[in-house]
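Structure in structure tokens, see below.
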Amino acid sequence: MANRVRELIESGRVAIGAHAKVPATATVEIAAAAGLDFVRFDPYHWPYDHETLAAMTRAAVAKGITPWVRCSVDADTIRQMLELGIRGFTFPCVSTRAQAESIVAAVDQFVSASGVERREILVGCAIENKSGLESFEAILGLDGVDIMSTGPSDLAFALGETDNTKPIVQEAYARILETAIAANKHVYLSTRASRNEWGKARQWIAKGARVLIIEEEYRVLMKTLTNPHTWTPCEGITQ
Amino acid sequence: MANRVRELIESGRVAIGAHAKVPATATVEIAAAAGLDFVRFDPYHWPYDHETLAAMTRAAVAKGITPWVRCSVDADTIRQMLELGIRGFTFPCVSTRAQAESIVAAVDQFVSASGVERREILVGCAIENKSGLESFEAILGLDGVDIMSTGPSDLAFALGETDNTKPIVQEAYARILETAIAANKHVYLSTRASRNEWGKARQWIAKGARVLIIEEEYRVLMKTLTNPHTWTPCEGITQ
Amino acid sequence: MANRVRELIESGRVAIGAHAKVPATATVEIAAAAGLDFVRFDPYHWPYDHETLAAMTRAAVAKGITPWVRCSVDADTIRQMLELGIRGFTFPCVSTRAQAESIVAAVDQFVSASGVERREILVGCAIENKSGLESFEAILGLDGVDIMSTGPSDLAFALGETDNTKPIVQEAYARILETAIAANKHVYLSTRASRNEWGKARQWIAKGARVLIIEEEYRVLMKTLTNPHTWTPCEGITQ
Amino acid sequence: MANRVRELIESGRVAIGAHAKVPATATVEIAAAAGLDFVRFDPYHWPYDHETLAAMTRAAVAKGITPWVRCSVDADTIRQMLELGIRGFTFPCVSTRAQAESIVAAVDQFVSASGVERREILVGCAIENKSGLESFEAILGLDGVDIMSTGPSDLAFALGETDNTKPIVQEAYARILETAIAANKHVYLSTRASRNEWGKARQWIAKGARVLIIEEEYRVLMKTLTNPHTWTPCEGITQ
Amino acid sequence: MANRVRELIESGRVAIGAHAKVPATATVEIAAAAGLDFVRFDPYHWPYDHETLAAMTRAAVAKGITPWVRCSVDADTIRQMLELGIRGFTFPCVSTRAQAESIVAAVDQFVSASGVERREILVGCAIENKSGLESFEAILGLDGVDIMSTGPSDLAFALGETDNTKPIVQEAYARILETAIAANKHVYLSTRASRNEWGKARQWIAKGARVLIIEEEYRVLMKTLTNPHTWTPCEGITQ
Amino acid sequence: MANRVRELIESGRVAIGAHAKVPATATVEIAAAAGLDFVRFDPYHWPYDHETLAAMTRAAVAKGITPWVRCSVDADTIRQMLELGIRGFTFPCVSTRAQAESIVAAVDQFVSASGVERREILVGCAIENKSGLESFEAILGLDGVDIMSTGPSDLAFALGETDNTKPIVQEAYARILETAIAANKHVYLSTRASRNEWGKARQWIAKGARVLIIEEEYRVLMKTLTNPHTWTPCEGITQ
């Protein structure tokens, strides 16, 4: 099976995904029906049963969207996720080049053992702490790292700030993404489901960002349940 | 435990609820966090496991919102739902006064066996077919029926129409709700999560409707995932 | 597989069982480890998943104790319980001889279709309402009804009393059990886990009762968790 | 949410808890109904599904009792347990001051990332092996360790004894608890559900112990199912 | 979605299916990988959880094979199966024309309510008892009944025989199938996984039978596990 | 409980087992009904829920066959598997004598803590990589390692070959097994369910191999579903 996200971003289009934190196949199927391109699971923070995660992954494969995961930087975990059918990764808090190399090695080992092609898999590293900030150029210089991401709140914490709108934080954020784009890596962005945040995301897309994930599906649902009368249909980016 | 919906509507306020069709406690907890007042399960149409439905009901009780159900008009089913902790009912396609009486009898039997007070339970009858249209005055005349509801699409089908905006359908719809309000029964309405539909619901609230349910949670989620950039926060009815 | 309860009671010994209402195999395994002879499931009132009930039944079979059930008087339900491996039944609120005949017919149909011997199955009828009180002699006269039971609270309700210690209730209770014993039917009794109630049960055992069930396992657990310091080991009936 | 156990023990009262090893929410709900203050899960030794443990934790939170866990000394596991809602910990076989420091650091990291207050969490270290016996004073000297515990059987094994009633074992046991109390740490004790064991626990409570856990719930159930006729109600400590 | 079985049989080819009694999606996926055309679930006899059956149905849809079911002749059950996504039916023990009419009516009601086309659904009636034997011509004369089936063992029982190889049984069997084929109904056959039985099935296929189901998957597995060294690959019918 | 595999192989007979990868108790029960001696689970590669694996293990114990596992070389995992009831192990990619010693130490620690006898447990080491090839004599020299296994494909990869029929691979394979047999270790072999492969397995049995596992149960099922007409009963090894 081809990796839908890779196909889109390598042809210059944008791939949009949803988080699926509710432990059920519903969000996966809804995301596919909504026209999205990938769905991200988070066993790093969330108590999915193994069989539930397997069922959610199978649902994504069945619908032709890319199953994505945030998981620990651990060779056994990476192998198990790939065996399950996961084809996109965001590794949290990647701190050193050596760590990134261990990730790439684990993926390569699966590729040689399974016969799955390497290009069916996307490897993303998230820069979220001080050590990562110092090493990110070495990390993105590594072949086998396909995607880079970061987040203002984590950067603020790493820089000893509490306000993520401070220039020092915003500059670090922009520098990571711009450096990655300049180095021909893909860039992965989060956005809230709101007109304002979407505007910011569009600016990054204009600069070359190609992977976009909407905030957690349970927050999306809660926002609309809190104010269901605000919803207004309009022409979508996703169609 | 008191019935939050009854407390609200008997003091003249509006109770707002959500559908919970995804078989997981997530929607129940999201609905409670969003400030809603009840959550409706649909074992009549949806394949919940018994233990899942029990867990969802317990989650609603734990959060202080009323667990509601659409279920068959069947004495055994009604008893089991009440034993589970369900405290609000919508019975589909109620067709005759005799059927409504059998519902009320099943609820009363549970009340006398369990010690739960009758006023903790809300019984709603949905008028959805031709026979129901003919019998609805007899049905709403029955003590023990607390709530009436109906729907334009079902009425259109019952009246042999395919377009539910036709005057004959709209008049039947309005007549049922108005007759129920005039007879001091509560009225239960569905609304889509959109500014326009919400306006229509407000008109019925102005006329005395007191129970409002937002469209299925998976549709809510899909709409926003399809067009996440349209979401605009504004001042809510629910707060 | 032989029916352990039948083997015990036909050789004049007493069979003791536990309720298993928690939807897990734990109570079944605990009951077997405690030396009990059967375990009773209650899908009539309790929301077990089908697969959970199947697993609990298999656990009982694996441990050599008789899986018992309270279920509706319904031919399809009876067939499914027998197919699952259930070998003891308590049918609630049996009201007429015709109802008892329909139970026996459903069991016989399974026997002829499956090759399981009829004596591996035990059929119990509970007399719990007014109509049952009037028909119980006809019911216990039926070949194929192996066991009779009743309960003071249900009898009180059936007789229009609220106090189940009243002579009229106690007499009805005793009459049903004594008539059944005189007619060579087995008698099934419930007892609370307490020294006092156990004394009453012993009196009925002296008169010929042979099947004894301890109150619900979750009540047993709650009582001891409430007062764990009261528990005193002593020589058991069960050993 | 406040931590009920901390509130009780900081105001000089005793907190009593139950083990919940059966993978279902039943024991949690029974423990709450029995008036207990916390419930302890044991994923260190017991095969709970992740979603089951999440559901049991939510049930404890819903009932206002503190969800407690025995889990590995591992930063990822500690973070996941805290994210799940766990608020009390017993770490097995803590052997060195460095290990205790890593526990405290993992908890502090969650506190700073989540906004949960540190005092909502209770950290307990169990001294169970030889190295722990040598290091326990250094461990209990660490700020951030709230509770100490130990057990005679583990101490016997650590000391090369097979009989845990030997003076050398009993003295080590008493020394750990007394040193902890003298250092203003809380002390956590296990007790069997029996009059005799309860008497021993009361002596420690008189000396300052404040957290008491009743033996495994499945043992409690098995003991009473084995001898249901021994149960005698009396005035409880728990009420 | 088109119905793969109907497409095959209406173009004169044979559709082959497997039973899926193990409550897991594995058999469904294996059957699809083996090149089969449909998979049959049996909630009539087997304790699937509702959510398991939903997952198995989704798995069949995802793989493009037709999800089939044996279920009770009951309008609510038929509606729920269709809502789940089931598109093929075998109704057991159809006894009268009136019963067959009620089946067809329930299917038609779903068709008009859902917008699913009638030809996406296949309705099969099994002749298995005496009354069915008398009524089968009236049943197969009904528009809306697509498929007929029967079985020698059930016929033997219906005819008061214990040996299903007796001419009277074999003749009845042949007469039902031949009459159905002559009336342009499709015929559904079971076969054991063995060279000999397969030969008999081929004879019926030569006469016009078009739907073939292999014996239960757990029997298939058990046979090969019992004698794994007997398995010999050869050219298949299914490829 | 005795270990059925050890009993068989120590008395010179052959123990035959099945893989159980489908996450359900069905395969376990089928393997027992087919007369097999053990069943192997693979949490190393397969996403079983913890409770599912517990249920599958209990099912094996209930049927008297040995529950076997392939799991990581990790002390916590080994302890948890033993606590679950697992009594046979295949450790993948054992590379050094030190690793084998850590396995044996973890098993011994469980034995001393639990009272289970050491001979109820079987420890198998798989030689699958280059380092293992170099160390296998040191590994099989270790008391506490009961069984050795290897596989041609893994050996080929370790030796830098792609064709596992090459003499260098076949010789390495034979050398490991023969050395183990000569050193009085047991040898564990995989075989496909086919007449030809079975013949090869028989040759190794003639040389002293005593543990034989049939290929994955889902492959067995798929092969027969693909070609159900090929199955031919014959006299089995297993009976």
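Each chain carries a letter (A, B, C, D, E and F) given by its place in the written order, and its residues are counted from 1.
Note that in this section a residue touches a chain if its C-beta (ideal position, glycine included) is under 8 Å from a C-beta of that chain, and two chains touch if they have at least 3 such contacts.
Labels paired with UniProt names: A, B, C, D, E, F = 4-hydroxy-2-oxoheptanedioate aldolase.
What you see is a predicted model; the values in this text were computed from it and never measured.
A.B. asks: Pick the pair with more C-beta contacts: E-F or A-E?
C.D. replies: Contact tally favours E-F.
A.B. asks: In terms of contact pairs by residue number, which of C-D, B-D or A-F shares over half with C-E?
C.D. replies: A-F
A.B. asks: Please work out the Cα centroid separation of subunit B and subunit F, and write it as a whole number of Å.
C.D. replies: So the centre of subunit B lies 57 Å away from the centre of subunit F.
A.B. asks: How far is the middle of subunit D from the middle of subunit F, if each middle is the mean of its Cα atoms, in Å?
C.D. replies: 39
A.B. asks: Could you check subunit D for residues that touch two or more other chains and list them?
C.D. replies: 23, 49-50
A.B. asks: Subunit C touches which residues of subunit B in the complex?
C.D. replies: Listed in rising order, the residues are 49-51, 53-54, 76, 80, 83-84, 113.
A.B. asks: For subunit A, which residues count as touching subunit D in their complex?
C.D. replies: These residues of subunit A touch subunit D: 23, 45-50, 52, 72, 157.
A.B. asks: Which stretch or stretches of subunit E touch subunit F in the complex?
C.D. replies: Within the complex, subunit E contacts subunit F at residues 18, 22-24, 26-27, 30-31, 33-36, 191, 193-195, 198-199, 214, 217-218, 220-234, 236-239.
A.B. asks: Taking the touch rule as given, give the residues of subunit E at its contact with subunit A in the complex, in rising order.
C.D. replies: 25, 55, 58-59, 62-63
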